[in-house]
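The following pair of complexes shares a single chain, subunit A, combined with subunit B in the former and subunit C in the latter.
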Partner chain A sequence: MESTRYRPLAAVREVLFILLALVWCIPFYYLAIVAVKPDMEVFTAPMSFPSTIVLGNFAEAWRGTGGVGLGEALLNSVIVTVGTVSLLIFLGSLTAYVIARNTQRIGGLLYVFFVVGIILPYQMAIVPLFSSLRSLGLVGNQIGMIVLFTGLLLPMAVFLYAGFMRALPHDYEEAAQVDGAGRGKIFFRIVFPLLRPVTATVAIMTGMIVWNDFFLQLIFLNGSSAQTLPVAMYGFVGEFTARWNMVFAAVCISIAPILAFYLFAQRRFMQGFTGGIKS
Partner chain B sequence: MSSVVYNQVSKFYADGTKAVDALDLQIAEGEFMVIVGPSGCGKTTALRMAAGLEDISSGELSIGGKVVNALEPRDRDIAMVFQNYALYPHMSVFENIAFPLENQKLSREEIRKRVEGAAAILGLEEHLGRRPKNLSGGQRQRVAMGRAIVRRPKAFLMDEPLSNLDAKLRVQMRAEITRLQRQLGVTTLYVTHDQVEAMTMGHRIAVMRKGVLQQVGTPLELYERPSNIFVAAFVGSPAMNLLPATLAATADGLALVIAGQSLALPAALVMRLGLARYRDRQVIAGIRPEHLVPPGEGAATLPALRLEIVGSELIPPEQLVQLELWTEPLRTPSALDIVRDVDPVAAADLPRGSSTQPLVARCSSDRAFANGTADWGVVLEKLHLFDFETGKALGLSDSASAGGHGR
Partner chain C sequence: MPQRTRIVRPVSHSLSPPRPAAGLAGIRLSQRAPLAWAIPGIVLCLLFHYVAVVAGAWYAFTDWNGLSAPSFIGLANFVEILGNRNALGALVNTLLLASVFVVGCNVVGLGLAIGLHRTLRSRFALRSLFFAPVVMSPLAVAYIWQFILDARGPLNAMLGNLGLRSLQKVWLGDPNIALWSVCLVMIWQFSGLCMAFYLAGLQSIPVELDEAASVDGATASRRFWRITFPLLAPAATVSISMTTILGLRAFDQVMALTRGGPGFASETLATAIFKETFVNGRFGYGAAFALILTVLILLVSAVQLAVLRAREKRL
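Now for the complex of A and B:
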């Protein structure tokens, strides 16, 4: 067992990797120090350690901009994200079920239809999207955002679900059929629970996209009471001056929940990509 | 409990392959019917058509006197046990067994009572709260059985339910399923590729090959009166010895000539099989391993074949003696095809083209055999003869070879 012993070389390697890992922490370091800097020092000495630590920055950032507090913005972000993800899971799994279990050509065509949806750049359609959503009264509120994101991300959800479902053995469904279950029951009682790993993947991937999106939320929510975290943060960036310490403090506040969620769901996340069904 | 009747049921796919070809099969009320055959013979397709999981291309299938061709599986009132059990992994054993009852909209109380009843029959009481992944293979098998018996269906359909178990457990579950079926008296259709399972479990056996039903009968009927060389070779372990032979006329009547050795046929046998028509024609002779009598045993008048002993397998209390006959082995296209179906391993050896015909004899393990040539008695009363071209058994009326359709 000579090879498994802890040798000087292994120690060197370990130190190297720890240093490498530290590189990844540098942005967090700057995030933390800028967030607690006094206003002027952000411009005079942006990279240095703050001369005085101003924890009040967090309180001020929390008050938000444009009459929307960071707390409200956080709630708006949660509403939009949870709403979108729930709708995506429901619609995506059902659509993918039909596509994956359809033996006719239409199943394959529908699949291609959705995959094309992943490839097309939605930014090209932003002007017509804006005008049609505005005439529907869906600009500047959470429901409009949920509808928009669900439409944009459904192709990805369907793609992930369909891939997983194709590998799912038919036996469970056949057994349920023989056991006397109807179509709806087969899906919700048997198939959907078996999709749990990929449901977690869909939830995390789409959830992160929605949570982090800035472009669409700025266009559709700016100046409204429904503005979400990224938009609220952007409020600190004015026409003539940007209050970077406020932006950084707001970022600190906003990444906390997503970081907690990611640490909690990390294992599931991996499983969805790599795992299959274990009975 | 109801009968299950296949009336000219066929299944063909878009590319023209016939998975099941005009299957006629009646399973009586309370009967345990085993469908057996090599892989790809259409037995599972036949079963899945009864379950409603596979469309019926033509013909009629009825359960309990009612044609079910167009019915959804859930409207057929049948229960199925799958090869890999298909237990719902996210449900407990209780929920798994209760699932079919839930669909019948029974009261919670009634469901609990019946699930517990089924669990008691199968010895699963203490496992009801567990998940399938925490159960052993045998226990999973029992849960699958529980899910089938709990709703008292018209028929059980079982698709190789024992093939995922180890050998010892398989023997145990074999007995258990048989006992359960006899106890509940539910019409059962059981599919397997294992002829030992078929022989031990079924009231009757249906042998299929390439989508065509070969023969239906009780295990003993199939063993003693196989209707063609496929059934003869498939049923019984070790398989029947099949040898090319000629029926020659002699002064006393007819004799069977195998590799130049002549065995005078008893007049009763010639009468019974109507062999006079086959005079001077080539036939295939079938001798079961237990009908080869070791040298020096049996009556002195027993006709004998001179065979070379090449080895022996001891499985006390019996042994299987490997013998060889110096002759061109049976190589008709249909015979080769059958060997491929019955024993793929042996088929791989065939092209090497030996000029000896292997035989196996079954006798007591008390005696040791030295390699060399010896005279082995042949119990001619138990001899099987088949047409050299068609492989059909000689002397069998057409009605006896049920399902063959004269093909």
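Now for the complex of A and C:
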């Protein structure tokens, strides 16, 4: 690795990149200072530090106005994300297990069936999905949102799990079978725990997609009492135009959970995206 | 903890024929995971992907309003789109936005990856930093930038302080600029993603290649263009395809920054789908936009993949 020595030129490059990173971070700087500014100072001194730090902005944003407060929206987002990710882990691992352990042709065909599901663009599916879920009473509540996201993201979960399971040795399962363990026990007690690394990838990738999605949540939850963070934030900005300190406090609340996760598991986030390249 | 590289290694022995069909205990492997276990997953995928996509394509040829029964009207929706300047504008905007976004993102991302590949001591911290916007909600990112790009906001204030008053613009309110402001925000958010793809590509190139060329007296720029750049082809394929799809689907940033305005100046196909279907209640007409976007994505991806894969082979 250390074949390239650290020469003076590298020091110059280092400084340049750190400067670039500082410029790149300017939006974060504004996010942090504007969120704690008093109303008067937002535009009079857009670049400067706040004269007094107003943490009350967060409290006010948290309560929201009229409609759904951000606290409630945060809870809805957590319910939808956790519900979807749990279902995806369960259904995805089980389905992929069947695919990976099937030695007949149908295993290969099922794999292709799910991969094509990833490629089919979901935009085309939105209108029929909206009308059928509406007639089932699943528009405007958390359960419908969980069902929708699970259906849409399942091919991706199956794809990630199947890739991992195909490389997983059969020995453990065979040993358990010799010991007389039933099918259910083999899967849940032996196989599933071995899937931990890929389960983490599935949880991070799908969790991030669900948490950050705006398009689907706007369509399925707008105006309902089950509004999630992105939808609430969208309505919030409409009501608080010009009160940027308020909007930024809301933005902070909405990105804090995902950034916390990111700080904790940066490499997994990056590998989740780039896993396909290394082979 | 096992590394993720295990996942991507193309090992598929469980599917290839040589694998014995019977386990140690004499019970057939496929019986260990009965097909019935996959049925819920299969049904979900079938309904949410296959059936829904076919049904959506069918609605594009109807006048459905979301309530009464849809009736078949042939190509009328598409004829209307072709005759409507704003609708065609959305198509053109989508293509322009996606092209500039893909080029911008990949150029910046490649630059970052090369700079942060080896040598620099702060490389790990800087990588995490440039990648951070990727994990953030595009809506939240767009709101931060809406403030920065506001006519009275910090960008114009900074230009004023630097004595560059002539460069001050109404970044989001000028019909000639709005689309490019959206594009800038998207490039800021997703350059880190391209960086990650190219870094993964760079890490798969053996150091020995570079060293050998260096010993042979090849200059740095020659080594880059003759060795590194060609070997990055697989990473480029993934990075370009991925950003193309992100660019063609652009919705969140547009809705948050300009809502497609001023007028229709920054309308994209995705925002048109949303507005026609769920604001104007024209489900059939909206589905026609969706079909156009779908065909566009499939077509562009297929062509791109063919060209980029051919390039990978040639290099």
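Just so it is clear, the second predicted complex is superposed on the first by the 211 of 279 C-alpha atoms of A that agree within 3 Å, B and C clash if a C-alpha of one lies under 4 Å from a C-alpha of the other, contacts with A are read in each partner's own complex, and residues count from 1 in each chain.
Rule of thumb we're sticking to: a contact is a pair of C-beta atoms (placed from the backbone, for glycine too) under 8 Å apart; a residue touches a chain by one contact, two chains touch by 3 or more.
Since we're looking at a predicted model, the values are computed, not measured.
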Partner chain in contact with A:Phe114 - subunit B first, subunit C second, else both or neither: second
Partner chain in contact with A:Pro193 - subunit B first, subunit C second, else both or neither: first
Contacts of A:Lys185 with subunit B and subunit C, given as first, second, both or neither: first
First, second, both or neither for A:Glu174, with subunit B first and subunit C second: both
Touching partner for A:Leu91 - first (subunit B), second (subunit C), both, neither: second
Subunit B versus subunit C as contact partner of A:Asn102, first or second or both or neither: second
Which partner reaches more residues of subunit A (counting touched residues only), subunit B or subunit C: C
Partner chain in contact with A:Thr150 - subunit B first, subunit C second, else both or neither: second
Subunit B and subunit C contact sites that coincide on subunit A, given as residue numbers: 174-175, 177-178, 196, 277-279
Complex contact set, residues of subunit A against subunit B: 169, 171-172, 174-182, 185, 189-190, 193-194, 196, 277-279
Sites on subunit B touched by subunit A in the complex: 51-53, 72-74, 78-80, 82, 84, 86-90, 99-100, 103-104, 132-133, 147, 151, 157
Footprint of subunit C on subunit A - complex, ascending: 1, 3-4, 6, 10, 13-14, 17-18, 21, 24-27, 30-31, 34, 43, 46-47, 91-92, 94-95, 97-104, 106-108, 110-111, 113-114, 116-117, 119-132, 148, 150-152, 154-155, 158, 160, 163-167, 170, 173-175, 177-178, 183, 186-187, 196-198, 201, 208, 211-212, 214-215, 218-219, 229-230, 233-234, 237, 244, 247-248, 251, 254-255, 258-259, 261-262, 266, 268-271, 273-279
Contact footprint of subunit A on subunit C as seen in their complex: 1-15, 19, 21, 23-25, 27, 29-35, 37-38, 40-42, 44-45, 47-53, 55-57, 59, 66, 115-116, 118-122, 126-132, 134-141, 143-145, 147-148, 150, 152-154, 157-158, 188, 193, 196-197, 199-201, 203-204, 207, 210-211, 234-235, 238, 249, 251-252, 255-256, 270, 273-274, 277-278, 283, 286-287, 290-291, 293-294, 297-298
